[in-house]
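Common to both upcoming complexes is subunit A, partnered first by subunit B, then by subunit C.
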Partner chain A sequence: MKCKRCAEKAIVQLRSHNTAFCKPCFVFFFQRGIERAITRETMFTHEERVLVAVSGGKDSLALWDALADLGYDTEGLYLGLGIGGYSHASERKARAFAERRGLRLRIVALDEAEDGLAIPSVAAATRRPPCSACGTFKRHHFDRAALAGGFPVLATGHNLDDEAARLLGNVMHWQLPYLAKQRPVLAPTHPRFVRKVRPLYRTSEFESATYAFLRGIDYVVEECPNSHGATQLVYKDLLNRLEHTMPGSKLAFVGDFLSRGLPLFAAAPEVADLGECERCGMPSAGAICGYCRLVAEVGRRRAQAVAHS
Partner chain B sequence: MKCKRCAEKAIVQLRSHNTAFCKPCFVFFFQRGIERAITRETMFTHEERVLVAVSGGKDSLALWDALADLGYDTEGLYLGLGIGGYSHASERKARAFAERRGLRLRIVALDEAEDGLAIPSVAAATRRPPCSACGTFKRHHFDRAALAGGFPVLATGHNLDDEAARLLGNVMHWQLPYLAKQRPVLAPTHPRFVRKVRPLYRTSEFESATYAFLRGIDYVVEECPNSHGATQLVYKDLLNRLEHTMPGSKLAFVGDFLSRGLPLFAAAPEVADLGECERCGMPSAGAICGYCRLVAEVGRRRAQAVAHS
Partner chain C sequence: MQVRLEPQGTQLTVSGRRRVGDLVQSLGILAGTVMVIRGDALLTDDEFVDDADTIELRAVISGGLA
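Moving on to the complex of A and B:
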């Protein structure tokens, strides 16, 4: 098979795009795709400082690598979730990548932050699924770090597979408020929030893995140990089966949603204005934000456990 | 396992409803579900004559059986599509069922109707997928038969699995006009159309197969030979996998769509008023309806074939 751009021998076939590329042309294709997503959705400019949330996995490191190559002004943010060996391994990969590329990486370790709570202890104390607590904690610390560093925009490595699976989950339950907000750029709804962008929203997991491999990016291969059995994986599996039978399905599903479905959902009434959390000062719909409610719950549960022991 | 209604030994477990029934209670549950669907969606009353489209398969015969038991005033309509042995077998089953139950069955054989075109010859002449021609032909002849017989309403045996697969297909491509019309009751948009209803829209394929079996209904088991590889089957397979992992998924998907999603889609601008087809007089958005365009295309293609032979 030949590269569709330069007619050299192709090394990557992309069935969803009905194309194939040699190594340099794939790297070009991958980076151009990101550049186009950024421009089309007005995510950020070359004049803005971009905070890139990196987990040490293929998607976020491939994204950071491409953004740096494309000349954007980036810094990385690594959040130490405290999930045992997985967190240690992923932090090492993120640090090594930043060092090799000469990029600045900010590190926030949850168990060393003001509340001193890592994900496993929150999950254990509240008996919630770890992923639920993790989402709340990540959002809170992403926003705080972006605010503290004066970044107008935070980029995450969510890829097409993530977006398609989330969309399918929201559609299966017709979660209208979530459907109204599922877009690759979220404008801040409060001065203490920053713009959130997903430059890989049209880039498949396969493409980012291929890019990371071809660029020699050393990333953490294992998935988060908490993700086993997650509903998201069921949807990903279904979409992979569909993609296998009908290549291009995921891209059409997400793309057609953004052009045709989203406008309908987004036209529904807005949520109420946000105030500030009385405890942490971050934006909140109620008096206390979701993060601080979770932190308080951990404190209560622990006190109860001590009282009963 | 015990029956959840009467505590006798259960013979059917319904994971999607988290329940189980003995034979009489399952029959009660099945029929009550249909009765509730009819009432809740205001499909028809006991005073209206209902034409039930029967294919000879489990769904439509189970539906007809239940409607007759529930005291509705029904007649059957069997459309002879001319699909070889499949059509012969299904017609025999439909006739035998009607005779056994003492119900009146109307039969329209496509190759004996005015245009004299069975599905295989339409597909062959136009080189279209048979299912596409079949849909157009069925809709046309269903409407004509209902109109000719003076029925205000036509009931079809589309079940929950059909509805969920169609919904998933429409959502995967964000087909807004189809999404706006996917509901269990379609009011006529023209005086020559009748109301179309789907009383089994909350009844799974498994439930209708079980009902047919328990009631000793002899139905055609084989699927239409043209259905192999149909996209619909891909979606059904995916939904079955999802249902297996998360029982109740199909019902929630369709139910939540009707209560939350549909109102948004249905609020979009309506299609233009329908006029009448110049050839057959049935409702049509253009001068010639889809059915007559297809019939004309068959004629043209055949004439070309003769001219070139």
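Moving on to the complex of A and C:
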């Protein structure tokens, strides 16, 4: 198999693009794809500071690596979720990457010893699925860190497979408000929110894993122990079977939705105007934001448990 | 050949020279959901592997939202 750009021996085959590349040409292809996504969707400019949310996994570290190579002004943000050895390993990978690349990494830790708000104990106290609590905590802390650091934009490593799985889930349940805002750029809806962008929205996770491998990025290969049985993985499996039979399906699904489907959902009911949470000051549709409600629920349930013991 | 599935850590022994694409398919794995690694090199579907090789099949699917 030969590289489609230079005719050298190919080492990467991309069925979805009906092409193959050698190492230098794949790195070029990957970074050019990100650059095009940023430009096409007007995500950010070289003059803006970009906060990149990194998990220690392949997608976010590959994204950060590519943005740094493309000359963007980036800092990383790692949120320690307190998920035992998985979180420790993830933080080590994120720290090592930042050090190797000479990039600044901000770390926010949900410290179990200090405030008892690590994800496993929050999930146990509230009897919620860990992923539910995790999503609420991530959104809150990402928003706060971007605001505190004066960043106009927050970039996350959501890839094509994530977007396709989310789209399938939203279509399965006809989540009109979610479909109306499933896009690679979310403009801030409140002065205390920042622009949120997904530069990998057209990049498959096979491509980001391959890029990370070829660039020598040491990422966490293990998956979050809480992800087993997650609905998103069921959707991904379905989409991968479709992709296997019809290469390019995921790209067409997401791409055609954005160009032809999304405008049809633009008239879906908007969420209520946002005010500010009475407790933390972050944007909220109600008097208390979802994060503070969750934290309060943890406290309430723990107090009940002590009272009953 | 020795085949290691990551991140599960499962170790398999597979006999006989074959193409990478055939190896992956014979294990019931969908192409594009794993990287096929020999040493420090990636392999494409059309390359051959044989009994002397040690191969890693590393899953690329992530389960959470970054």
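Everything below uses one rule, namely that the second predicted complex is superposed on the first by the 303 of 309 C-alpha atoms of A that agree within 3 Å, B and C clash if a C-alpha of one lies under 4 Å from a C-alpha of the other, contacts with A are read in each partner's own complex, and residues count from 1 in each chain.
Quick note on the criterion: contacts are C-beta pairs under 8 Å (C-beta built on N, C-alpha and C of every residue); 3 or more make two chains touch, one makes a residue touch a chain.
Everything quoted here is computed from the prediction, not taken from an experiment.
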Subunit B versus subunit C as contact partner of A:241, first or second or both or neither: both
Which superposed partner A:53 touches (first subunit B, second subunit C, both, neither): second
Residues of subunit A touched, compared between subunit B and subunit C (which is higher): C
Which superposed partner A:261 touches (first subunit B, second subunit C, both, neither): first
Contacts of A:161 with subunit B and subunit C, given as first, second, both or neither: second
Touching partner for A:221 - first (subunit B), second (subunit C), both, neither: second
Contacts of A:11 with subunit B and subunit C, given as first, second, both or neither: second
Common interface positions of subunit A, toward subunit B and toward subunit C: 241
Subunit A-facing residues of subunit C, complex: 6-7, 30-33, 35, 37, 41-47, 58-66
Touch list for subunit A against partner subunit C, complex: 1, 10-13, 15-16, 20, 53, 55, 57-60, 131, 134-135, 138, 156-158, 161-162, 204-206, 208-210, 213-214, 221-224, 226-228, 230, 232-233, 236, 240-241, 243-244, 247
Complex contacts: residues of subunit B adjacent to subunit A: 171-174, 176, 231, 234, 237-238, 241-242, 245-246, 249, 252-253, 256-257, 259-261, 264-265, 268
